[in-house]
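Look at the two complexes coming up: chain A is in both, with chain B in one and chain C in the other.
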Partner chain A sequence: MAKSEKPRVSRNKELIRGVGRFSRSKMYHKRGIWALKEKNGGSFPRHDKQPPQAKAVEKAPKFYPADDEPKPLINKRKPKPTKLRSSITPGTVLILLAGRFKGKRVVFLKQLESGLLLVTGPFKLNGVPIRRVNQAYVIATSTKIDISTVDASKFTDKYFEKEVVRKKKTESEFFEAEKEDKKTLPTEKKEDQKVLDAVVLQAVESVPDLNQYLSSRFSLRSGMKPHELVF
Partner chain B sequence: MVKGRQGERIRLYVRGIILGYKRSKSNQYPNTSLIQIEGVNTPEEVDWYRGKRMAYIYKAKTKKNGTNYRCIWGKVTRPHGNSGVVRAKFRTNLPPKSMGGRVRVFMYPSRI
Partner chain C sequence: MPFRRYVEIGRVALVNYGPDYGKLVVIVDVVDQNRALVDAPKMVRSQMNFKRLSLTDIKIDIPRVPKKKVLTEAMEAAEVQKRWENSSWGRKLIVQKRRAELNDFERFKVMLAKIKRGALIKREISKLKK
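Moving on to the complex of A and B:
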């Protein structure tokens, strides 16, 4: 139905399970069947069966599978986007816990559609490029920078996808493919880094000592207990 | 491993000692190990470490994957007793020679 349906309420309040307040005759009256009948000239309105619509002629299939296998049930589940921890907001300084840049302090930009966090060093300060990081491998500190002027909308998960290299399977090229040159970062990505970092660096420079903070790495020292540290 | 990178040595893990297996007086259950994490002394403090991954790293004679170092991964499951000892389950049970040995308790998966 086009109009929004309100939940159907029963006119017959239940006294105990199986027993209603009103009898069948009372309910007949309450539901107004008598009024409908009056409107329709003495009998309850009914319509005759519609003539059966001609079915489209089905052709016999060209192919029958060899075995009668049960089809798997359709899965329409869509995973929810990863919930971002409340301590992580755009402009927070994060500490990376694992991977090539472990221990580095890094600026959080935004959460991508896949749930991963978009993060940048900035590159000049600590060598961390624009990168994706998983929330679980990150400690959020309470230090926050104002990056409202930063435009990170061009960075999505697609930006980080690996380029598919189609190799032809001829013998001569097979040997040549072994001598692949190093994959250098395309200049557009380097430009993107510079453009983004220029804005972030401005925000970083406005806070005293923040460049040294971001350039240094985090490490546990003797006597430091992470469960007692306040980040 | 460090892979030839000279630079600052960063420790992003907490040191731990392998005390032994979960056990009663005369029976031991090797699927769960007991770990003493440095600086943790009460079961309330253990709460921070729940679920954190840990690695037992040891050396072997032959090279596998280009290195003599090998690793068994595991995680902190729950506190054990009243003094901050922790129960841990590893992918494969820890070998008995690891008792008294060092374990690295990492700070991930992080919940802070």
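Moving on to the complex of A and C:
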């Protein structure tokens, strides 16, 4: 129930394991069973089972499978929310390690409910749009930007869901060469990018050389040992 | 070609192996052909194989196996730490340490600075070539 539960306190203090302070009769009194009985006219309130409502008559199935197949066991496991690495805080510069933008240095905004990280280039500096990224494919640097004024609340996992396109099964379309409409970004998303980036860029500009840093890609050079590098 | 740095009481050495790696210590006594008794202001006096020590140019004036207080005072008087940090060897180690702890952004800034410096130098050279 949604009521706020205070921690349950026992009315019968335990003296030793198995032995309470009060006897059964005293506990009967303390619990107020006598008051409940009084309220209910002499006997403890009973909630009898209601007669089962008549079920609709189910027809026998037309088809029985040939063999009895074993049913798989029920799985009630709920995965835990993804733990965010302590080195990743809002405003951290991350290095992307995989995908189209590998090597790009990018600003972390927040963690989404699915566990993925919400990230933006900013787009003007390195071409990375507002995007989701998996924590595992990211190096967190120790460089942090102040993005306390940024409002990223409108970006959730739903924002990034693919739009379902319903195809009509008409013959003509079947035989026509697949017309793929060029999938352009809706203008609202472009506007969202601009609005968000404006604030982020302000924070970036306040630190010297940071905009050049974010524009460049990370790469390993001769002599750099990843396990010895401090990020 | 003669030897210049000798193992003697008061010779300052750098530990190059083991848990005390990188520390400056003073040889306060010689145990035998291979080992020295070694001490430093913030260290327990202990024996070390000479192979673990790299001798430096710095030598201080101390009696054999001095008390910790005497040793500390002698090191202060001879300004061991300052001489070490001004020596080219000492400076190199400091720079190496600093480079190792640079973070990614700092490395980037260093790269920019190197490029700028190189550009200035090239400009001057081209001026001289004319």
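One rule holds for everything that comes next: the second predicted complex is superposed on the first by the 154 of 231 C-alpha atoms of A that agree within 3 Å, B and C clash if a C-alpha of one lies under 4 Å from a C-alpha of the other, contacts with A are read in each partner's own complex, and residues count from 1 in each chain.
To be clear about the criterion, contacts are C-beta pairs under 8 Å (C-beta built on N, C-alpha and C of every residue); 3 or more make two chains touch, one makes a residue touch a chain.
Please read all numbers here as calculations on a predicted model, not as lab measurements.
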Clash or fit (per the criteria above) of chain B with chain C on chain A: fit
Partner chain in contact with A:I130 - chain B first, chain C second, else both or neither: neither
Partner chain in contact with A:F231 - chain B first, chain C second, else both or neither: both
Per-residue touch tally on chain A - higher for chain B or for chain C: B
Partner chain(s) touched by A:T143 [first = chain B, second = chain C, both, neither]: second
Partner chain(s) touched by A:A98 [first = chain B, second = chain C, both, neither]: first
Chain B versus chain C as contact partner of A:Q212, first or second or both or neither: second
Which superposed partner A:S87 touches (first chain B, second chain C, both, neither): first
Touched partner set for A:A203, first chain B, second chain C, both or neither: neither
Which of chain B and chain C A:L220 touches, first, second, both or neither: first
Lowest C-alpha to C-alpha distance for chain C against chain B (Å): 13
Chain C-contacting residues of chain A that also contact chain B: 218, 228, 231
Residue ranges of chain A touching chain B (in the complex, touch as defined): 85, 87, 97-98, 102-103, 135-140, 217-221, 223, 225-228, 231
Chain B to chain A touching residues, read off their complex: 8-14, 38-40, 45, 47-49, 106-112
Of all residues in chain A, those that touch chain C in their complex: 93, 95, 105, 141-143, 209-210, 212-213, 216, 218, 228-231
Complex contact set, residues of chain C against chain A: 100-105, 108-109, 112
